[in-house]
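Beneath this line is the structure, given in structure tokens, with notes to follow.
Should a chain be cited, it is by its letter among A, B and C, assigned in written order, with residues numbered from 1 in that chain.
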């Protein structure tokens, strides 16, 4: 038996008196792409940040997070990143004062690569040729799409076991979103495990293997993507209005 | 007044100001940490070197590295204590905390080293170089060269190495840095150790000019503030220029107006700049 | 409950007046109580800035010294009585605070602290070198405080004689702070500190509020300095010493910010330690500095925060939740 790539159980996140995430279980099987969708404010970012042990605020997190069976919950975020649980946060994901090369060189690829998905700089520039042209530019001078590419590339340089992607589509043109997500799918097909948080339910359903629906801090539905396409809750809330 | 002599004095004074300020510049730029114990760290650096010479009998050239090492170790301890507010970027608390540390150092130094002035002698201080009416000491030469070297090294490390990129990334966004697998606390400790070690080096080179006292350090803090703010907060090149500018200003003001009011005049300069540019001359 | 608050406060205030007499009336007790009252008033000046504006003023020793120097110079050279010197102390402090307040109007956070700190060091330098202010010797031979209405009142020197004045000044200060907390200016200041966007949306002029609070705080510290001059019968550049600055800040943070009685209790703790449990001047420095740094590092909200933390841990013996953001 093998443990799933990522398994969180009984996860709760509290901000002050507010329970933002309430007793949530998440499983990302190895080599699969799992989508997490939900309305604005449902707690998607809070949840994915909690998996990485990271936050811009000071939440109190309970529950267990296991990366390939290894407990993560006691580790600070930089240690989780070192172990291969790598988050690309929503919004600002790179340093504006550093060049593309410097941003990517901040990450130290691990020496022990068992179970890790290693990406050389050559691989990265192969995936995102645009970055090779812009390598001397500072982060602050890049377009939104290029920044997102750097942010994802940085995560790949860390040789992730599990990649956590928080709304990579935010602020990007639809074509760029499609390209980026298609690239992600390609990486998953080569064995990477990925948890994707998205607003765009339609695009997510096309790509992921499994889908979770989060509402007010709770998982209200989960299942294989094909089945979830026909789930009345998804249809009503997200696809129905659009297809009608 | 001999103008050339005053310009040389200004250059020497300025290199001292810049040297004493270099650690603080980096600290403020990288950790946004305002260290009000800076002047007392300068005092401790001077006394550490003096004690090494007076109590251990080592030469000046060994005493200064010893002081740099001792202050570096002290820096580790201090930063470890301040880690939580630094990570939370609770700047108000940190300012007051460093003020408290400074006061502890002042009391502690008076207890250990006594309340009387001591002479911290550098053999280079009495080695003069004369060109007609113009003269300076080998200590001046070493201070100037040392300052330029240290600034050059710091600039190169910050802008051309991975270590420098680490410091700049933490300066920009310590939370984000953690997602890059960077232990921001460790970077903060490193920066603070540099601040303490650099100010000890500054004290080792500058303090032999006058008697040292456990209660000294206030003028150094003010002059450092002026250098850092004039140079643009966190700007390495800016603070070197500001240091020399302030040195020239002090030398000429001292010679032409009154040496007793030089700190006051430097402060008025600072106020004038702040009225126009509240975040400093080269602020982003 | 609420309707007893005012009588209860008055009763406690009246009882406070008899503390030195009830504690045996020894000279050292009067000295300590007078010193506590004076230094607490001094701290309340800085408290207005730290607690309600959220900024760290390191320049309040200027106002403290200004009050002392105004009193001494006018009492010694012009023979002014206590009312007149007190008025002069207030005027001088307001003028100085106005200038410094205007100069720092656009500065925030550490730049504000840095400028006020630099101003204090420069003021000390000027005082030290300017013969008009007595230079390094200061002003000696301050006459006894003459504070009378229609021929009745205080005319004296020494701690026991000055205690009623110190007590009265402390009570006036507490009353002022209490009124300030509920005033428009006080609530605006808190709003500017806590939620600047909201304050702006409600039409609060943050700069005006900061300036007014700064100017209002100066006379408080100045009046403390005024009485200090009479208590010591002498003022000197040592009024700028970092002792007073560190004492102010420690007194404010030790119990907890934004508490009416915080600075008074804090000052009492410090002065009691230094009077009755002193370990020498330099040792006391170490204690004071370590308390200041230690409180903020261990219980940033002051001893009140420690109290809350203990209460919480007593209420629940559950294991601490993991906090992954800490590293």
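The rule we apply is simple: a residue touches a chain if its C-beta (ideal position, glycine included) is under 8 Å from a C-beta of that chain, and two chains touch if they have at least 3 such contacts.
What you are looking at is a predicted structure, and each value in this text was computed from that prediction instead of being measured.
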item: Far-end chain from chain B, centres as C-alpha averages; value: A
item: Chain occupying the most central position, where position means C-alpha average; value: B
item: Rounded Å distance, chain B centre to chain C centre (Cα mean); value: 31
item: Whole-Å separation of chain centres (CA-atom averages), chain A against chain B; value: 44
item: Between chain C and chain A, distance of the C-alpha-averaged centres to the nearest whole Å; value: 53
item: Numbers and ranges of chain A residues touching at least 2 other chains; value: 54-55, 58, 76-78
item: Residues of chain B whose C-beta touches two or more other chains; value: 178, 183-184
item: Chain C: positions in contact with at least two other chains; value: 326-327
item: Complex contact set, residues of chain A against chain B; value: 52, 54-56, 58, 76-78, 81-82, 86-89, 92-98, 102, 105-108, 154, 158
item: Of chain B, residues touching chain C in the complex; value: 28, 32, 34, 36, 81-82, 84-85, 87, 90-93, 95-108, 110-111, 115, 178, 183-185, 218-219, 221-222, 225-226, 229, 260-261, 263-264, 267, 270-271, 274-275, 278-279
item: Footprint of chain A on chain B - complex, ascending; value: 88, 162, 165-166, 168-169, 171-173, 175-184
item: Residue ranges of chain C touching chain B (in the complex, touch as defined); value: 54-56, 58, 103-104, 106-111, 113-115, 117-119, 121-122, 124-126, 129, 242, 245-246, 249-250, 253, 280-286, 288-294, 296-297, 300, 326-327
